[in-house]
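There are structures below to look over.
Below, chain A partners chain B and then partners chain C, in two separate complexes.
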Partner chain A sequence: MNTKLKPYLLLIPVMTIILGIFTFGLAMGLAQSFGYFPAIGLKDFTLKYYMEILTDKGFLSSLKFSLYISIVSSILAVIIGVALAYSILQSKHKKGIEEIVYKLPIIIPHTVAVLIVYNILAQSGILPRILFHLGLIHDQSQFPSMLFDKSGIGIIITYLWKEIPFIAMVVYTVLSNISNKLSEVALNLGASKRQVFWHVLLPLVMPSIISSFIIIFAFSFGAFEVPYLLGPTAPKTLPVEAYIEYTNPNLANRPYAMVINMILTFFSLVLIWLYQKTFKLISKYSGGYR
Partner chain B sequence: MKRILAFIIIFSLVFSLAACNQNKSKVENISEMEWNQILESAKGTTVNFYGWGGSQMTNNWIDTYLAKRLKEEYDITLNRVPMNIDDILNKLLGEKQLNTEGTVDIVWINGENFYTAKSNDLLYGPFVEKLPNFKKYVDTDSVEVEYDFGFPVEGYEAPYGKAQFVMVYDKERVKNVPIDHKTLLEMAKNNPGKFTYPAPPDFTGSAFVRNIIYDIVGYEQFLTMKADKETVKKAIEPAIDYLKTLKPYLWKEGKTYPATIAQLDNMYSDNEVIMSMTYNPNSVAGKIITGEFPETTNTFVFEKGTIGNTHFLAVPKNAPNKAGALVVINFILSVQAQASKYNPENWGDLPVLDYQKLTEDEKKVFEAIKIGKGVLPQDYLLSHRLPEIPAKLIPIIEEIWIENIPTEGE
Partner chain C sequence: MKRKNSLIFKTIMYILIFMLVFPLLVLVIWSFSKSWPWPYLIPKDFGLRGFCYITSATCKSPRILVYSIFLSMIVTIINLLISIPAAKALGVYTFRGKKFFKTLILAPIIVPPVAVAMGIHVSFIKIGLANTFWGVVLVHLVPTIPYGVRILMNVFEIVGDSMEMQARVLGAKPIQIFFYVTLPLIAPGLVSAASMVFIISFSQYFLTFLIGGGKVVTFVIDMFPYIQSGDRMMASIYSLIFIITSFMVLLIMEKSVKAYYKTEAHFYL
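After this line comes the complex of A and B, so read on.
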């Protein structure tokens, strides 16, 4: 048997199920977003639902809120994550406890992260209680409201706690694989440490930074549980909005949920395409500097 | 050769799995069977009971009491599958689209979900007339049995239990207990930031909004109202204005609301607010026992009354074991099962049996049950009980709330 073909052949059974369900679901969603849902008696293709959703004020504020949360949390996570990775690289005892500690948040599920953030930052949480006992605030309600807020601080903090270590881990792995010679040459030629970071190391890890940025951006844009648990009543993020439309007992509302899902899918496809582009960039760069 | 064989086996397994669902089509005509025959054919079978699994007490009652008794008396294995009703509806809908035999035998359902399921032809029935206990114990002509959120039941679901909306407060911290929407507003003004309600479409939050509407504009007009947004909007306008007046005194000045009743309960336990609410009037006793709520927790209803509803059990049209399902539902309508369910130590769900139809001994079974701390007696609740708003109007009210209340003032 042809050895090149073998892995593909072996994968066929499971892939028919996985891809079959996936494409079937996607196709059904697409059909329903155009108003084709024969099980409840909707049989005509129409663009009505897209028009209605795309001109709806609630939808636009949801879209804005979703973009705001994912952009802010992803950019902050990248900046802090890279700084963390660089400081780990600089520190002397690399294999110490911190390597376990900074990887811990990656393993913990998002719902648990929400619980931790809630317990600490809610107005009846641990932090306000400590401040109260220290006499810094006189009432729980003096503590700034961070959760269930339109500013989305609670959601962003949860994402940051999960994503900074992820960025740091990816960037640190790449950084530690870059040969020391490059930095040493630059230092020898009179560059400062800062110049080495900005002009030698950062350009080399840039492709990985961009690709990991896309990953966390796509995740936070499409994620449901954190904004559902910590978000304000209005505006809601798009996935929460889609869920609420989906669970509406009136089945005639289903196309609206599917339109939102298709819009989320469209964003994801664009991000996958961007990711592929940067991946090509990575493979172009890697190898030459070893 | 071995490898090729392995391939063939895997492929055949995959495709037989996909195909096997379609070949079973037992022809069983339950509607023509006598009760004894139904009992006979249910013997030794498994019944899949799908329903909300969010309460440990409820789950416990089904797993320990109900399942055990069914096994002993009817040789039926009860398989409880916890699933939210919207997921169950989607499952039934998916099965209908694929035209396969189902997996669900009994579904715990009511309100707009029943409306959706029945109007999309997902349910089997009418079946309640088949059940001996239904005829024997249930007041078959009462509004609460004939209508589910204003939608005619027509024998497609059997009553399971009753609930009623009550407000929860702490005696220590609320001195003047509100009796209507006006005194509630006063209380909120005196305790700014200490009261709130879950945002609809949360079930309890939505019920709170409906209770406010009832208290301000009455309930009669809604029972026959057209499901039209403009009509509803006009009818509930005074209530929406009231909620706007209430808003600045709420938790976080009403800029945001707890997303679920669980969150509000949590905030109540944490002293962040001084009141909570529930659609199960007896649940408070359980929460005092477990220590979630303080000992001084009590409940009240508005003077004009609060909304009560009945939850039901239905059998899906494609249920594989309809005979078993009927036997289980019939047992749930027995005096022993309803009484055990009513006991707050087990669940605390209000019974659906008609007191007039019970014998003296049967009445004593219910009277012997202690209802527990913080709970209003059943006759008081029943005399302050209002019918639910028709299911079709509820999503419209929730929509109006979302458009008007949380985004107001920006």
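After this line comes the complex of A and C, so read on.
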């Protein structure tokens, strides 16, 4: 076999799926967002749908709501996840049950995570019941409604429950592979534990933290189930908004759904670009040990 | 001082782990409750009504569960079959456009599946793939390929191809090389990749719902209305069965490979 061609040949099966479904799907969505939708007789390219969506107040509040949920949940997940990983590393020296148990939420789907949060935080959930028995509230209605509300607390907590273990797992894997040698050197040279964390460990795990941050951010930004099940009637997140436009019996509404999808996609492409930029930046400043 | 520090970290760790695990306990209790009115902290009556319903002859759930496992297994097998060569190309060889291919293959992790599914839907209807088993299998490949390729790529980067070269020099045929050299070498990565792909496919709601169009009913699709309507007991039983099933599948996958190759396989990444 021609050795120059070999890698390309090996890539053909995967690329068939990626180009045939992923890229093609996006391209069809893009065409429809510009009003090219021969199936229902639309054949002219137009920017009309973009103009209408981008000036729509409902859309802008949806965009804000989506960004707010993703930013808050991802930042909190990263902070708490790193804290969990570091705590596990600090508090024990041999493998224990904790190491498996904290990973449980990772294998549980988001739909189940929604139920789990609902069981705890609904006004008839376990938390209000505990507060009732502690005498802190006297009636269900005194417990603040956290689900289906505009502040999106239920959605954010669902994402946190799923994502903290993910971040912790990634960071813990990296930390447990590097910690011993380097931090012992630093400790020997007189650094405090805190200094070791901020100046040795954190910079080393930074690339993994950033890449997992981008993954969970993109996921929560583009995900449908959780906000569909736990979100308020208004504002809805962008994926839910797109789905509602898509299932509108009037097919002429399809382009609106596609415009929303393309805006979602645009944000993700920016993320991919940022992702590669930060990696370059990090390897530049870290002397290239990665 | 050192003692105190470690106590703080232990406390943080146990509090966080408790917050992650406690809700699961509540889920288990709900599954076995008959009536659990406000403001009781434990159910008034325990019962197996939900389990009786699910395992009864009139209920389709067991069949749907088996069908769902079968579908995700097919997705996992196809995924691995196409991910192994791609991961080898990206992990072992250097060639023009490698970075571009890497980015393209990882892109489905970042780009929202909602956009891809809605874009491909009309074409799938046209070529008759919508509302079919194979249509759903194909669309499940999109979000799972990045994980399959990425995990195996890391393995190939470590393993390299020197062992295969050696086998070739000693006169092994390509098929022999694959089964006796490559496969055992990448077995641990294969289990991680398979677990990840299976879990993602098994948990998929939106893609199955849109492309399956209500005709392809997986366990998550079956479970969704109960969660949506807030029927806690039924939803909790479904969830519990879901969790136990995926745990069992992962365990069997890991154990069988471990027994077969006698290698150290790690659960998850």
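By definition in this document, the second predicted complex is superposed on the first by the 255 of 290 C-alpha atoms of A that agree within 3 Å, B and C clash if a C-alpha of one lies under 4 Å from a C-alpha of the other, contacts with A are read in each partner's own complex, and residues count from 1 in each chain.
Going forward, contacts are C-beta pairs under 8 Å (C-beta built on N, C-alpha and C of every residue); 3 or more make two chains touch, one makes a residue touch a chain.
Quantities reported herein were computed from a predicted structural model and do not represent experimental measurements.
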Chain B versus chain C as contact partner of A:L136, first or second or both or neither: neither
Partner chain(s) touched by A:I244 [first = chain B, second = chain C, both, neither]: first
Partner chain in contact with A:I17 - chain B first, chain C second, else both or neither: both
Which of chain B and chain C A:L47 touches, first, second, both or neither: neither
First (chain B), second (chain C), both or neither touched by A:T233: first
Chain B versus chain C as contact partner of A:A83, first or second or both or neither: second
Which of chain B and chain C A:H110 touches, first, second, both or neither: second
More chain A residues in contact [chain B versus chain C]: C
Partner chain in contact with A:I71 - chain B first, chain C second, else both or neither: neither
First (chain B), second (chain C), both or neither touched by A:P165: second
On chain A, the residue positions that both chain B and chain C contact, one per complex: 9, 13, 17, 39, 122, 124, 140, 229, 246
Contact footprint of chain B on chain A as seen in their complex: 1, 9, 13, 16-17, 38-40, 58, 122-124, 140-141, 145, 148-150, 228-229, 231-234, 244, 246-251, 253
Complex interface listing, chain B residues touching chain A: 3, 7, 10-11, 14, 84, 86, 89, 93, 96-97, 111-113, 115-116, 120, 193, 199, 201, 252, 255-259, 267, 270-272, 391, 395, 402-403, 406-407
Chain C to chain A touching residues, read off their complex: 5-6, 9-10, 12-13, 16-17, 19-21, 23-24, 26-27, 30, 38-41, 81-83, 85-86, 88-90, 93, 95, 98, 101, 103-105, 107-120, 122-123, 138-139, 141-142, 145, 149, 199, 202-203, 205-206, 220, 223-224, 227-228, 230, 232, 235-236, 239, 242-243, 246-247, 250, 267-269
Residues of chain A that touch chain C when the two form their complex: 4, 6-11, 13-15, 17-18, 21-30, 32, 39, 80, 83-84, 86-88, 90-91, 98, 100-112, 114-120, 122, 124, 126, 128-130, 132-133, 140, 161, 164-165, 169-170, 173, 193, 214-215, 218-219, 221-225, 229, 239, 242-243, 246, 257-258, 261-262, 264-265, 268-269, 271-272, 275-276
